[in-house]
């Protein structure tokens, strides 16, 4: 199986700041689910931002290959069209822009890239209905402006719903569990589990082990001070739950 | 009748006798006869034994002033002012120079004690160095030597001209040029004294510096000049208080304050303005026409103005910041109360020139009686002010049916990366709040005072502790009349 | 003897030349007073607080008096009108430089008590209605452009509904302006309990000057949805003054979108004269190139219990300049006033500028008033969010700008057809963004 994502000695920072990522190495194959855990300030969100191409971040050393191609020169929208999906920790509220309209524009941009025909309104609605059943999302949410007035749980479910619609090859879930109560967490996790697919890799970035109770990872990595200091299977996460991050960080 | 209405009537019924600073000090003075011409300017300069350049500077300002007209754009009704009827120099006898405290007229010391500002070092307010300005001259400066040990210069303006002419010449008029406006030109021509402070690089001024202004003489104007320089990395907190006797005629106070903050320096300038506001019918009171401006010259400099304006018949005042240095910060926190016939047109100007400059404006206006209260502000973002930020919150509280509250903000942005946000509200004291407080046992007056203090909290918390307490009391006094 | 401002003499001459002795005396008296007022006032300058941000140089540099005798202009292209008009059942009036184009106008059967037509026709057949329109509005006051309009107007439209009359189809007025100077006078008079929807579209070509005065008079409980779409040529000057008076419980819902003209100004002066009256303004200026637009709503709460809402948004690109001069004035005794005023601006690139001055003037105490203003660029995090979903940067920008502006259209109560019509214009404008 070919590597979907290869990260080699990645150093990155916020433009003008000090390096936050200090040499990340990681390889991800299609079909795998990886969890990246670590304490606050370890660089988890920086990693997801750099992978998605968020403006304001820069790679100072190393490189990232996605489907065998260098990512660095691609803008965030090009990455998205090539199948990289970031589920935001804080989904952005965009007043005045209808959720459905937005999603259709996004989906058609992605489909165009894949060489598929754009969906008209009726086809789109059919596709939406099919995916809605996957998640516990009311149609009412789709009629509102993007994330405006959504509860925390609704926002996160909307992210997963978008993922279901866009069918990415690589999904990065940034702290998707944060701010969710147990019912919302279960609903989101169920959605993600249904989207597990041999053709798709999922990277979960999280501070807590509890998300992994619902979405079982194949690999767990511990990020500390900008480096991966430990990798293992899911037992590593359980170990962390008991012993905390401190001993790993000092070992780095 | 609603709870608020009762209170309003209490306020309206309040007499004018609640101004406890309204006494007159009986003291011998050297005084110029009323009138203003070039000779007046020459006399003031000669009395103070000023260098020739300063006299020239004054005369230039005077000629400039003669060609100017008083600003009429403010929302103020000002009776025509006869500038020839005012006295431009009045000083306690034998007080032409700085004195040791022993030589100061005991009447003066008593005056300041009555005002709550003891000047004797033993009794002096802990942690506050005071420059006391009485009519036209500075009569005493406390803790001078303690400050000098750290290289801090804090003295009367007259002393500064004598002892540090190079600093005065370098900075005087550099922030507020004499021709800036009608009143600054007048001040530049006839200013008599004021305070001067220079904080050398890297020094954090160990105590609050303070000027206490007192107008005593009848028919005299006060035209003081304050110049404050915080050199690189320096910090200073400066307090200013003002009172005047209760007199039937209007008196003019036209001060100029200039602040310069160099790289990484910070200046906090706090004012509690309690000039005599006139009586309930609008007779007498101070015309407070003041030009205050600070320049953040270097990167990361910060200037914060905090003002509590409770006094004066008319206030015309816009403490402003010129944000030149990158990342420099300007702040303006203001409480202005107008009761009876008082009028205030006050606010600020924030001029964003440098990149990443930030400013915050919090203004709380309270109108009662027949008072008219206007917030006037300007936020200017120049094309080079990349990523500049301004936030303005301006709230008005109305008490009674005969007062007025106005907000006139100007926003001018010329840089797309800048963000400017302005919010303003106007409302009356809520009946529900009043009832709730009264139901818990507070009198109407106490309830109102509590609510007003709450309304002003964001501003009051910016004041140094000693001032905050005084300001809270003043708010109560200004509003409650006889209760205070 | 009053002093006549020199720049007004060409207009004085035009007035003299156009004096029509067949007009009713009351109108001739008004016109004479108005031209005298204009000649004394002259054009506003930057020293006038209300005009300090407005660049009138093109207008003051070279006089643009109306041609006399009025040259007859070719009718606007029928195809163009066809593409501009509202779909569906509509009562339409097409005005060419303020004169009616009968062939392109179309009526539907109006109910009894309804009158809709050109000012010239009203003057001929229903001078009583025209007089009523003048009686209920203040004389021009200290407003030079309104005075000039009063002195020189020849065309425009008048809509009058008698008490209790409502009409379900919209009244549509398409104003076409060319190189000429035009001074349309318009009036909408709704009697007690009457209701109407009026859609005005200003369009045209050339470097003309449109100086419009519209009087709106709403009787007790009357309801008006008034939409104005301004897409004049990028060389035109468009100065419009709307003066509305609302009686008790009347409701005035106004939507004003400015896309066109080099220099445009919307003075919207609303007097809430009867208790429980309600005014809503949703406005937008969409500017590029060297355009300058001013929105100057002045809302006066004269009596207790009225409410007003103003939301004006600006999108400014090119080297354009947006100006908002809003005032809420609460007069003594106007308690239980609920007034809100918001101005939001998007600056799309360097070289743009905005001046905004939301003003409150409050002389009553039992009020709830607020205003807010913001200036900024597009939210970077929203832009990234859209891009992270695969939408290219230019489309993402357009979507965000469209989203920013959408609510001013969505808030209009003028009906779905008109809202869609406005959305289409907004989309066209967005597509042409660089």
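Annotations for the structure displayed:
Lettered A, B and C in written order, each chain numbered from 1.
What we mean here is this: a residue touches a chain if its C-beta (ideal position, glycine included) is under 8 Å from a C-beta of that chain, and two chains touch if they have at least 3 such contacts.
The structure displayed is predicted, hence computed values, not measured ones.
Centroid distances built from C-alpha atoms place A farthest away from chain B. The largest tally of C-beta contacts between two chains is found for B-C.
Between the CA-based centres of chain A and chain C the separation comes to 49 Å, rounded to the whole angstrom. Distance between chain A and chain B, defined via averaged C-alpha coordinates, is recorded as 56 Å.
Chain centres here are Cα averages; for chain B and chain C they lie 44 Å apart.
On the side of chain C, the complex with chain A involves touching residues 379-382, 384-393, 395-396, 399-400, 402-407. Within the complex formed with chain B, the residues of chain C that make contact are 49, 332-333, 335, 345, 347-350, 352-377. Listing the residues of chain A that touch chain C in their complex gives 52-56, 75-77, 79-81, 85-86, 88, 91-97, 102-103, 105-106, 109-110, 113, 145-146, 162, 166.
Against chain C, in their complex, chain B makes its touches with residues 73, 381, 383, 396, 398-428.
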